[in-house]
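Consider the two complexes below, in which subunit A is the common component and subunit B and subunit C are the respective partners.
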Partner chain A sequence: MSDVLLEVNDLHVSFFLTEGIVRAVSGVSFQIERGKTLGIVGESGCGKSVTARAILNMVRPPGRIVSGEINYYGQSDTPIDLAKLDPHGAEIRRIRWGEISMIFQEPMTSLSPVHTIGNQMIEAIRLHMDMSKQDAAAHAVGLLARVGLAQPERLLTRYRHELSGGMRQRVMIAMALSCNPKLLIADEPTTAVDVTTQAQILNLMRDLQQEFGMAIIFITHALGVIAEVADHVVVMYLGEEAEVADVDTIYYKAAHPYTQALLRSIPRHDIKLDRLETIEGNVPDPMNMPDGCKFHPRCRHYDPGKCANPALLQIGEQHWSRCARAHEINPQLSRTEQPS
Partner chain B sequence: MTTQNDTLLHVSNLKKHFPIYNRGILGKRVTNYVKAVDGVNFTISRGEVLGLVGESGCGKTTTGRTILRAETPTDGSIIFRDNDKGEIDLALLNREELRDVWRNIQLIFQDPYSSLNPRMTLEQIVGEPLHNYDVLKGGALRDRVAELLGLVGLRPEYMSRYPHAFSGGQRQRIGIARALALNPQMIICDEPVSALDVSIQAQILNLLQDLQAQFQLTYLFISHDLSVVRHLCHRVAVMYVGKIVEIASTEELFNNIQHPYCEALLSSAPTPDPRAKRKHVPLIGEVPDPANPPPGCYFHPRCLYAKEQCKAEPPLLREVKPGHWSACHFSEELSLGS
Partner chain C sequence: MFQFLMRRSLAALATIWVISIVSFVIIQLPPGDFLTTYMANLREMGERVPEEQIAAMRERYGLGEPMFVQYYKWMRGIIQDGDFGRSMEWGVPVSMLLWDRIGLTVMVGLSSILFVWVVAIPVGVYSATHQYSILDYLFTFIGFLGLAIPNFLLALVLMWIGWSVFGQNVGGLYSPEYSNAPWSIGKFIDLLSHLWIPMLIVGTSWTAGLIRTMRANMLDEINQPYVETARAKGLTEWRLVWKYPVRVALNPFISTVGYALPQIVGGVLITAVVLNLPTIGPLLLRALLSQDMFMAGAIVMILSILTVIGTLISDILLAVFDPRIRLE
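Right after this comes the complex of A and B.
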């Protein structure tokens, strides 16, 4: 089997509203390798969660996958295109949760307030694994213990509101791991928790990845977190990827003005900065996206003669940028890395 | 910590305990207290930005609200050197006296969405303090609002619009313009950038920095984000379960940690550099319940260096180096963060 576990090709997802069409994802491509972590980073509304839902074929009306492929190499070298499966069919239901599981962005809404943690876990486990109630309960206890929760048996009888934010997030991770997935999609899993809890959860996810060997798609808007967890990074802006590369390249050889600006605009606890650089203006309204390069109204390198309609350009072995001037703005990219 | 001439605010032994009630057949009974703020001491000088950091629930917001007297303190004094009235203890003032002081102390909130009245125009929102204190009227008030909007980078033409027409970053600018309206001496900023996206956060941080320099403003800057605090603050106070555990100038604190909790907090903060070598000081367990804190040092159950003394004796906040205060029995013996 090849190293690639999942391959997204030119994915388009739109929401068809009465006021107009929101092109939430408009031509995104990336790959994720087995056992590796792909970080997806970008500001609010850039399409991170919609991309994640599309992978599980869970985009709800009025939204739908308009075009593109989501090739999943789960069992063999012959992929299944998840985008083409019936969203309510048996096959996608088997893959969801069973092979690809997701931690949703809203931890409050993804645990039921009226059922105990135990009932929810046991039901989910039995839906996908052929287990008796007792076995499923034992499995749940093992998972809760594995994610570092004290007194897991007692926890089974408790309700959502009795848990702290960090405990809830651990329960979500335990549930997502229950069928030993090949891919775990974690949508902002640490955004609602404190830094200390965040550090615990990131360590836990790293350990679990080593133990179970699953790949992780880690979605966040926090550049600090991405630097710590990701092997590869997709930087998104307005439904497109601005830049794709391995994590070191993103932080040291960024070749898209948006990535560069983001990195210069964050305050840091590890070095003293006098002043932050800012990206002028706001993220545009998704119903009125700029023509041509979507970043051009905020870009300091914009040149109308050169920046008409940038494609995602391969500029290094593992490095893509959707900037027509990628080579000019990043002198570190050597000539030899250019495609001929 | 003595009160010097340039001290604007001196908080001593500030406490805010919220009663926990038990409703039984005999009616409401107080069974215990949430010790949200439990003996906090610090000073802020004129023109200084003091950061107040700590985990969720440690008492940052309650500290800010009690200083403003939005909460009545359970104990302690809040000496403020008011431009008009001289040195006064805010803890002792009644409603009417507070009204005068509130001209000089303003608040900026975390949530730019819920903190603005949706039925008021920008002119009304930003002009409200001027109107309430009868400072300006009519054309002069409009001119001042226009000037304030300009200061925070909003177009004066927006004056007749309502908040819903603005983005999160713009709304935070509106809140800042309103806070500046009466030329306050001090602004309490409670997580003013936590709800904002990275690029907008940078714009607002720069704005707060520029305004502070331009008007020699004094900020109490509340945040849970160490990066933001390091960037903006002159001095930093770290809070844990209702108490300040360490306070020092920003560079001193980030380079020369004296308290084990601060070491753990700093090592938990993610670094936006994949080549950074992480020193992880794992923080085990959970933050104690402020209604039932452990005996001795509140941090001892999670502390890697805890000794017998820590389990029994509550440490005092003491000056371990000039200007650097720590509430740990063993600050001098430990060499932290290295």
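Right after this comes the complex of A and C.
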């Protein structure tokens, strides 16, 4: 078996609204290896959450996967193309949660308000594993204890409103791991919790990854969080990848103006600034995307002569940037790193 | 839970007591009383009523006494003997006329609720899960049509259809041969064969409204993250929709169970008159017109009690079904 667990090729997802077509994801490709963590970073509306939902083939109408492949190497070297499966079919439903599970941004609302924690966990476990109710309950208790929740037996009969935000997210993590998934998609799992809890959740996820050995796709808008968890990073901007590289390269050799701007807007304790830098301008209207390089209205390096329709350029061994001037804006990129 | 029940029951009792005062006062508010209306009617027909007889009746019903004394006597009768007083118009105890009709009213009410729920909930769920589909538009169209057609008109049309197509006499709740017969299986079947028309009429406008409510509730819930979690778990669409968003969207329904009965009695009054239904509504209308105060008072009281009990039941149901409601 190869190391690659999931491979996304030229994925296009569009939303067909009465006002027009929104191309939420337009040609994204990346891959994730078994047991590794891939971070997907970008502003709101860049298509990162849509990408995550596309992997589970649960983009809802009026949205739809238009083209592209999502090859999942679950059992063998012959992949299943998740994008081609019937979204209501038995095959994708077996893979959902059984092989690829997901946790969401809002721990408050991602649990049902009127069902107990136990009901929801046992439901997921029995759907994918051949277990009696008692065994499933025992399994759930074990997981709840593992994610650091006190009195896990009592928790089974609790409702979401009886738990704190951090507890809810731990419950979601326990539930997501309940069927031993090979891939965990975490869509902004720490955005809605406070900073202390955020750190605890990140540590917990890292520990659990070592223990369970699953791969993680970590979606966030915060580059600072990515630094702590990810092996590889995809920086997304308006439905395309702006830059793809391993985490160190992103931090030290960023070769796309958008990544550089994101990095400058992270507060740092070693540099004293009066004002934190922000990225100029706003995310463009999705109905009315800029021509050519999508980032050019906000780019400080924009040169109309050079920047027409940049492709994703390979500029290092594991480093791609969708910037025509990647080498000019990053003098650290040595000539030798360029592919001949 | 026990404490909650006790507290709610006490509050219900207090509410009923206040309602009894208010309804008694309101019924007495119009100038004159039953006897003045009664005499006026007799005079119109050219009859003369001896003064002594009027005085005797006034004495018998306690009409000359101050209002609070009348109220006290009325309440004492109800609490001690379950005696709601005598109907002045009919000349018999109110309870004799009332119980049969209350039973039938509840029967019409319950069957209508059943009809409404059985139709409105699945249609509402379908409309929400298939928003803007052809069937959704069709249901919406039919729904608005149902809302817009006045009940009494629908009643007339259905009576005509029942008569000309099915050859059925659709007025009332019984065929003539059963109307005064004692209860039997035949009578019950006869009742059922008549029940569908008021059920349909009462149900139509109400169903239309509830479809809209259910659809809107569902649309609120269906994009909630917990539904997405359920979908990500690999549940079938059918199972996840009925287990999660429908369950939450039903709560407003449960909380309005209590209002169903007075709604039916008040809302279908005209229908009941048109259809000649032996329910409470027409009786109340007549009692109010002739200022038959004990009859009217008793009906208003019993309706209020039923409403309060209904509200109590829906509160309890809601507390059972919605864990977010705290009993403390």
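Convention: the second predicted complex is superposed on the first by the 335 of 340 C-alpha atoms of A that agree within 3 Å, B and C clash if a C-alpha of one lies under 4 Å from a C-alpha of the other, contacts with A are read in each partner's own complex, and residues count from 1 in each chain.
FYI, a contact is a pair of C-beta atoms (placed from the backbone, for glycine too) under 8 Å apart; a residue touches a chain by one contact, two chains touch by 3 or more.
Fair warning: this is a prediction, and the values are worked out from it, not measured in the lab.
J.: With both complexes overlaid on chain A, does A:Asn57 touch subunit B (first), subunit C (second), both or neither?
T.: So A:Asn57 meets neither subunit B nor subunit C here.
J.: Contacts for A:Ser321 in the overlay, against subunit B (first) and subunit C (second): which applies, first, second, both or neither?
T.: Once the two structures are laid over each other on A, A:Ser321 reaches no partner at all.
J.: Please tell me which partner, subunit B or subunit C, touches more residues of subunit A.
T.: The partner with more contacted residues on subunit A is B.
J.: Is A:Glu277 touching the first partner subunit B, the second partner subunit C, both, or neither of them?
T.: First partner only, subunit B.
J.: If you stack the two complexes on chain A, which partner ends up touching A:His161: first (subunit B), second (subunit C), both, or neither?
T.: Touch status of A:His161: second partner only.
J.: With the two structures laid over each other on chain A, which partner does A:Trp97 touch: subunit B (first), subunit C (second), both, or neither?
T.: So A:Trp97 only meets subunit C here.
J.: First (subunit B), second (subunit C), both or neither: which does A:Gln169 touch?
T.: Touch partners of A:Gln169: none, neither subunit B nor subunit C.
J.: Please output the residues of subunit A touching subunit C within their complex, sorted ascending.
T.: It comes out as residues 56, 58, 60, 88, 92-98, 101-102, 104-106, 109-116, 120, 123-124, 127-128, 159, 161, 172.
J.: Which residues of subunit B touch subunit A in their complex?
T.: Touching subunit A from subunit B are residues 55-56, 167, 169-170, 197-203, 205-206, 209, 224-232, 251, 254, 264-276, 278, 280, 282-283, 286.
J.: Contact residues on subunit A for subunit B in the complex?
T.: Going by the criterion above, the answer is residues 43-44, 164-166, 194-196, 198-200, 202-203, 221-228, 247-248, 251-252, 261-263, 265-270, 272-273, 275-279, 282-283.
J.: Quick one: which bits of subunit C touch subunit A in the complex? Just the residue numbers, please.
T.: Where subunit C meets subunit A, its residues are 223-226, 228-237, 243-244, 247-248, 251, 321-324.
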